[in-house]
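What follows is a single structure, and I will ask about it in a moment.
Read from first to last, the chains carry the letters A, B and C; within each, the first residue is number 1.
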Amino acid sequence: MIFATVPFPSFTLESLPQLPKLLVEWLLMLVGAPDWLVSIGGTAAMAGTVVGVFLSAFALLSLVERKTLARIQNRLGPNRAGWFGILQPVADGIKMLTKEDIVPTKAEWLLHLAAPILIVVPSILALGVMPLGREWVPVNMELGLLFFFSVGALTELSVFMAGWASGSKFPMLGAMRAISQMVSYELPLIISALGVIMVTGSLRLSDIVVHQGDFYFGFIPKWNLFTPWGFAAGLIFYIASIAEANRCPFDLPEGESEIVAGHMTEYSGFKYALFFMGEYLGLFAIAGLGVTLFLGGWQAPLPFLGWVPTWIWFFAKLAVIIMSYLWIRGTFPRVRIDQLMRFAWLCLIPMALLTIPAAALWVFTGKGIVSWVVTVPLLLIPWVILTILFNKRLAPATRTYTFADS
Amino acid sequence: MSAEKTIDRLPAVPKPGRWIMPGLGLIQGLVISGKNAIQSYYKKDRMTTIQYPEQRAVISPNFRNFPFLCYDDDAATGLRCTACSICENECPPQCIYIVLDRDENGKSLKRPKVFDIDISVCMNCGICAEVCPFDSIYMDGEYEMSTDDRFGGLMLGLDRLAKSAEYHMKLRPEEASAVMAKRKAEEEKKAAAAAAKAAKAKADLEAKAKAAAEAKAAEEAQAATEEKGESA
Amino acid sequence: MISDSSMPYSAPTLEPGEDDDQLLRVSLGPQHPSTHGVFRMNVVLDGETVVSLKSVFGYLHRNHEKLAENMTYLSSMPYTDRLDYICPLTNNWALAHAVEKLAGIEVPERAEFIRVITAELTRLINHTAFMGFILGDMGAWGSALMYAFREREKILDLFEDLTGARMMSNFMRYGGCRNDLPAGWADRCSIVVNDYGPFLDELEKFLVGNEILLARTQDVGQLPQKTLINGGITGPMLRAAGVNYDIRKVEPYGIYDRFDFRIPLGAKGDCYDRIMIRFLEMRESLKILRQALDQLPAGDYIHPKAKIRNFKPPVGEAYARIEGPKGELGFHLISDGTVNPFRYRIRPPSFINLTLLEDMCLGLDLADVVIILGSVDIVLGEVDR
């Protein structure tokens, strides 16, 4: 009888990720729970879905990263635990859980404990505002982008907390590096996102995605990346996001050949695993934001692919971005701290600032042929000047070698 | 320094004075690492990893690991080792320990009573095999020697060291057959020498007997003549 | 420390035990990921700038020289494998060379060729592995190291077939080599040598154009030629600074005077030049290898009268040196006519090249220290002996 009163809401493949939320809401309504409880239950289920999806993605990525790097290095990678090493994350987890948790005597134990927990929280919060599919926006916040950046900045605090609380020198050096790096690279990251806000006219991330929905000539998607200012901003955002996620070649805070493991040196066992997790979730968040801002979020890349559930497109694009991070990690050496800073302040930030007038002109001139004619030189000429400067001053000198005749 | 020739920069590096785009070298690196990643799926010389317990690398017969003692027919009596202690003295890390076997009278039996090699000390140099004048000690190719017994398991005694000549033949046919030929030749030589010695001894004996017989005959003759003389 | 007026940076140093609010005393090593073994640098940092750096070594001391004085000449041969364990065959040769000089032993021609071939293969191994190690120090995630080891493995396979061991070869004897080349070895070696050129091209493309590598290594850790010469630095580190000093040319040993090869020289002597000089040297090594494999004569691999047991060189003294992959590797032997050397002394290139570490690192970043240490190309087994 009661089933008839609360019909189960219909859902499609598109809204599959909503299923836990709908299920919880339906169950709560079934037992006659008050409205506020239903809404809280639904939100909790939604949050649980996001956390669950990204935690499994983290486990998968930890395996995929090792396999990919292994292939780049002509190795096989983990292949003993389960089929193709699929159980390796489980084995890693068990190992991490059973390891001794060491707290150095000189450490401030409370901060030492709090830091790894605090590093996970902002990443999950940031993932909460991401439009993961057309119907899958965990929290559709009006100031989503602002929320993302402000929450993302919290990571620095926990990194510094870890470095300070360890009471050791390598973590301290690592934390100092992390602070200077993250603060410097947050600037180009945010500035390059400003153009998108100007063009879209909204800080709501789902609006930004919807805005990129159309196609030029019926087959080139109208993603922000395929505009002159968007291309420049996307490139800057990409580079800055690598630095923000502490990935190679900008992995100075944990540069293992110099300062052992940076702020994580004095951590072991599950606390270390939490740092690892926080880092990977942060990676998902920053790469996801890049996808949302420049790669059309959950939009299909070609018009006839519209039947595929949109959240698949989001995750596919995310996978592409993350694979490119892995590829870079397998190839590049690490930069030095002063070079890192110089690159951010002398190259990235000026170029990022240029994308703002470019985006403004793009909107002002009506996003047509004229806009291309106007914005391309605006971005290209400074780039050429920068390149010439790089060749003259910053580029390392070319060398000649001689052979002794004797 | 004498006159020097200036060479061009290497092909991978842009020539001096040429305008380069920043980041070109990075892209070049990415191309190479990407090529390696993709080719590792189908090119044998890219992916050289061997899945050890299931697959095994072809190990050169010349590979040496720990020494073994060679015996000819029977492990107890056929050991070639004469406990001369040359290897014990030459062993750089001093990991060989030999006790000569003696009978109840204290006479050397020319074989080891104890022959221990501590393979936790042994550094696989092969000098023992090189200096052995009796073709007794050789380097083994066996490499799966790990054990959970730190002390007993790594101290190889005669029971684990002694291996047959056939094993050696299987391990390194060339070396072993050369050694066998040499030993055979030596044995033949020895046998020939022994035969010659025996023949000589026999001849000696015969000669002695003959001499004795002659002497006896002479004696007898003398006695006879004496008898004759006496009788006459 | 050799004082030099051109020292780039001078700042207040921290005496042991003294404390300072501005300076940070960090002990890099002995447990540190990139000290190439158990090596320690007591670094005083001002921010991340190195104010003072004191090297501490001896963690891997194995008493090799004293041990060698108490064992026969032959018995110390396998220990030389463990000095610089990346390139055992050149170490073998250096000791054999010294003993041959001491006892006046002739080496047959075929043995000399075998020695040159193995030594040049060892140089390839060392320099290739160096590329991987220094990229590891720079924080590249091991890709260059794995490519280097992939190719190094092919040479190690050759060594395994020839000497019986991949690294601990114990191959040279006084008067030749322990055994002859196995059947077909020279052909397999030619294949490896011919395949090495393309690999070097690829590795070079992978590394030397990389802007990050250029930025990290150029103008890092250079010293004036005078300082290097006064410090006794040898090998690629010296030649990278443009000093034409290669013992293969300066004081040819073995049969090096028969081969046509050139000595590459750098101009600045920074870490980048050290990398490039090694690339160029590898190509010259390939040239020597091709010539040696072509001309390989038949004959004895060891002098027929060479003694294995009870070897007693006459009373005397000898110092012999070779151009090891890392620099001048010399052995000084004094014989009192018994089976054991009276004095046995090694001149290790790694150790002496390391002595100028502080001069190279002062005023640079902590991250540069690691690269400079890598560019010196040390093996702690040889430093501490």
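Operating definition for what follows: contacts are C-beta pairs under 8 Å (C-beta built on N, C-alpha and C of every residue); 3 or more make two chains touch, one makes a residue touch a chain.
For clarity, every value in this text was computed on a predicted model and none was experimentally measured.
Asks: Quick check of your reading of the touch definition: is the inter-chain graph here a line, ring, star, complete or other?
Replies: Per interface graph, the chains form a complete graph.
Asks: Determine the chain that sits nearest the middle of the structure, using the mean of its CA atoms as its centre.
Replies: C
Asks: Could you quickly compare B-C and A-B and let me know which has more C-beta contacts?
Replies: B-C
Asks: Using C-alpha centres only, name the chain that sits farthest from chain B.
Replies: A
Asks: Take the average of all CA coordinates in chain A, do the same for chain C, and state the distance between these two points in whole angstrom.
Replies: One centre to the other, that is 44 Å.
Asks: Distance from the CA centroid of chain B to that of chain C, rounded to the nearest Å?
Replies: The computed centroid separation for chain B versus chain C comes out at 32 Å.
Asks: Let me have the rounded angstrom distance from the C-alpha centre of chain A over to the C-alpha centre of chain B, please.
Replies: Roughly 63 Å separates the two chain centres.
Asks: Can you list the residues of chain C that touch 2 or more other chains?
Replies: Residues 143, 147, 150, 210-214, 242, 244, 265, 276, 280.
Asks: Going by the contact rule already set, what residues in chain B reach two or more other chains?
Replies: Within chain B, the residues that touch at least two other chains are 1-2, 4, 13-14, 22, 26, 29, 32-33, 36, 46, 48.
Asks: Residues of chain A that contact two or more other chains, please.
Replies: 72-75, 330-332, 395, 399-406
Asks: In their shared complex, at which residues does chain B touch chain C?
Replies: Residues in contact with chain C: 1-2, 4, 10-14, 22-26, 28-29, 32-33, 36, 46, 48, 59-60, 62-64, 86, 90-92, 123-127, 130-131, 133, 139.
Asks: Chain B touches which residues of chain C in the complex?
Replies: 71-72, 74-79, 81-82, 143, 147, 150, 153, 157, 160-165, 168, 170, 178-179, 182, 201-202, 204-214, 242, 244, 265, 276, 279-280, 308-309
Asks: For the complex, which residues does chain B have touching chain A?
Replies: Counting only chain B, the residues touching chain A are 1-7, 9, 13-17, 19-22, 26, 29-30, 32-34, 36-37, 40-41, 46-49, 51.
Asks: Chain C touches which residues of chain A in the complex?
Replies: So the residues of chain A in touch with chain C come to 69, 72-75, 169-170, 172-173, 177, 248-249, 251-252, 255-260, 329-339, 395-397, 399-406.
Asks: If you look only at chain C, which of its residues touch chain A in the complex?
Replies: 24-26, 32-34, 45, 48, 135-143, 146-147, 150, 210-216, 218-219, 242, 244, 246, 249, 262-268, 272-273, 276-277, 280, 365-368, 370
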